[in-house]
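Beneath this line is the structure, given in structure tokens, with notes to follow.
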Amino acid sequence: MGQVQYDPSVLGTGLEGLGPVVAVAGPSGAGKTTWIAAVLEQLAENADGPFRLQGDQAAIAYWTAGAIAVDRTLMQARWPTVTIWDDRHLAEHLLAKSEATPRTPGDGPTVVFLEFGFHLDPMASLPQLERLGGQRVVVLPPDGSLGPWDAWATAQVQGVEMPPEPQPPELLQLDLTGQVFDPLSLDTLWQELLGGAYGTVHRAKAVLNFADGEMFAFDYRRGSETVYRELPLEPCRVGRPDRPSALEVVGQGLNRPDLRLGLEQSALDDDLLMAHQHYLQTDLADGPRGG
Amino acid sequence: MKRAILSCIHGNLEAFDAVLLDLERQGAEAIHCLGDLVGYGPYPNEVVERVRSLAIPTVQGCWDEDIVEGLNACECSYPSLLAERRGRLAHRWTDGVLTADNRAFLAQLPESLAVETAAGRLVFVHGSPSSAHEYLLAEMDAFMALERVLGAGADVLFCGHTHIPYARSLDGIQLRTVIAEAPDPQSIPGDAPPVDHTVTVPVRHLINAGSVGEPRHGRPHATYVLFDDESGAVELREVPYAVDKTCAAILERGLPMIFAWRLAKGLDYAERAEDASHVCAR
Amino acid sequence: MWAIASGIEGNLRAYEAVLADVPRRSRVVVTVDRLFVLGDVIGWGARSQGAMNDRLIERLVTPRPGELLPEVCLGLWEERCLSLYALGPEAGAADLVERWGAAAVEGLWRSVSRSAVEWMRSLDLAVVELDCLLAHGSAVGVEDCLTPQTPPWLWLDRLGRVQARRLFCGRSGLAFRYDLVEGRGDDRLRTLEGTRSRPMMLQGLWGVGVGTVGRIPGLATYCCYDPGRDRVTWHQVAYDDGPES
């Protein structure tokens, strides 16, 4: 997942210095989610530390903005014991408090990672974040400037190289929960998307369900090949999956209606899905046929 | 005489007009059309009317057949669900705009045409001699390609349907067989000596005219073929035209935006001929 | 070794004669361990009028102890019958009516039970085993009639469609071997990208007519194929063709 280096000194005295809030911001594609994942990897190695990732006590929470978020799904799949917060949780648990949350075991998560997507203005959240305490980390590409984050950040992390963007990018998010895709159709559509058929694309991320029951994550950034990854989840072979599925595209001139149409046309309708799942059941039950 | 063979115009009037201009400049004195006048493109009626007004001998393509009889292409044409849905959408749209007169014209098109020339018997089909839906791909097995030409009784077989032009010659063919038959129903092979026979087949040609209106060779230019029926010389022609006008018409007339994008890239709209060893089940 | 038969055409005695003969083809080093029946299990004749069709199917589906369970392909008679039940091509029985009259249509329809029809529906058009294609006609269809007079390029097409080197068929009812010993040619292809040339070559392909079990009164013909040695032999068995008891 990228070449972001985790620099412990960014967070003061290392892992123990974390919390209660680590806010992460930066331009689209710089590597915010990747950096958070790298921190979680470090925490996972420190199994006996105060920020356990195993076991029942959910010490870590993660939030990113919006009703639809590919990153939330990916986080959940990779770190099942991390509590995933949506906007409602954030409002209830954190922003309503007037003081820093004391670190009491059992009193909710000990550290909350807040990932601010590029389209949010981090300055708008600055007063609340200052009240809560913790770190405010900006992830920037190697030649990036602090610019809008100068007054906001308490630490800076070097992220991935990114091609320059001439204009402010747009964000397109589509909730695809319950949709099951035909792999060859999705492949054609993805090539069209990356080829500019639905607008200029800088970044595209998706978590999608496919006809054989598996779920895949797609990660594309302009200038690189798409990275495909199968998620370690139970295949869904009966009915429609209810796990979250979404597509996020960052770019310019994005054509939402035609992209939606293409996605609809690449998805199995109820009859097709039922027939395919029936075939999977019987094919798996029969096993290989002898000659 | 120089003959121009066109195929798969698919309602693309701009491309068709550009090809008509080009073939005239090249000195073609006869035109043959291998079908698929309609389908996907924004001007099906106009293309049919142009063909009718020029009295171009035309065979019935798979799309022409489907518009007349209802959609029943083999699944092999569509590489995915998305492609199939786009194809059906294009069919419904074309079905909705085609006039009764033009539909009647498509209905009476023959499955094949033939003409005797100095270069031999020329046979014109859309897909293959046995089916408008069968793809004769450039790299299909050479002996199977030979069977298609010989089976049609042709010296030169012209086909379309794949949307990628080629000229293939099969020459110096010798086939040796040894056949052991039972001399009568009460006997078995071996009761009589086998017959050893070698047959020599003179050169045969299989020529694909590509596509005027929906090229799939990676560039948006129209393709067609020129054939000299005295010398047997073949020229694969590629003709640039105002693709952006067709793209604009696609959008104006309510066809999917993605057709315009794919046309401009020289990609198939939906159908794709892929597997040379697959034989259409229809 | 495989035993391959076709064209039983409702002739139960002929089939039983073949079943009795097959074990004799086994040798010490190679035994007959598979039996293929290339369609036309059922049939209709002026004499038999399909009387044994149902019993024949039952006999195939439930072999006696020591007998092989036959692997069966669809034949022309089966396709005609299925068309009468609206399960096959519409025009499937047209030639039946032309040859035997409308009474034959009803007779054929009545000669098979519901379960027999279901069994016929389950039959594949062809079987591909190792590099062999086994079919009543060919992979193109049951009506495809390959004979010693079929031109070599047509044989090559029928073999090439499934990339087989051997083709066993029964539609013609004839017993023959059609060896495509060798072939050559020059294949030149020009595209928008350029030209390429390559030689055309083939060697050692063959097709076999397996003969007919039930069509010739009193004499059943079938063949055996040893895939290990790539050898085919034909066998004829006489049987009593007198009135059915």
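Letters A, B and C mark the chains in the order given here, with residues in each chain numbered from 1 onward.
FYI, a residue touches a chain if its C-beta (ideal position, glycine included) is under 8 Å from a C-beta of that chain, and two chains touch if they have at least 3 such contacts.
Predicted, not measured: the structure shown is a model, and the values here were computed from it.
If you take the chains that touch subunit B and keep only those that also touch subunit C, what is left?
Per touch definition, common to subunit B and subunit C: zero chains.
Could you name the chain whose Cα mean is nearest to the mean of all protein Cα atoms here?
Taking the mean of all protein C-alpha atoms as reference, the closest chain is B.
State the chain with the largest centre-to-centre distance from subunit A, centres being mean CA positions.
Between subunit A and every other chain, the largest centroid distance is to C.
Would you mind pulling out the distance in Å between where the CA atoms of subunit B average out and where those of subunit C do?
So the centre of subunit B lies 35 Å away from the centre of subunit C.
Subunit A to subunit C: how many Å between their CA centres?
Spacing between the chain centres: roughly 60 Å.
How many angstrom lie between the centres of subunit A and subunit B, each centre taken as the mean Cα position?
48
Quick one: which bits of subunit A touch subunit B in the complex? Just the residue numbers, please.
Counting only subunit A, the residues touching subunit B are 182, 184-189, 192, 195, 197, 255, 258, 261-262, 265-266, 268, 272.
Okay, in this complex, where on subunit C does subunit B touch?
Within the complex, subunit C contacts subunit B at residues 139-140, 148, 151-154, 156-157, 160-161, 163, 174-192, 200, 202, 211, 216, 219, 221, 234-236.
Using the touch definition up top, name the residues of subunit B that touch subunit C in the complex.
Result: residues 138-139, 141-144, 146-148, 150-151, 164-182, 185-186, 188-190, 194, 196, 199, 201, 217, 223, 234, 236, 238, 277, 279 of subunit B touch subunit C.
Residues of subunit B touching subunit A in their complex?
Subunit B reaches subunit A through residues 79-83, 85-86, 256-258, 261-262, 265.
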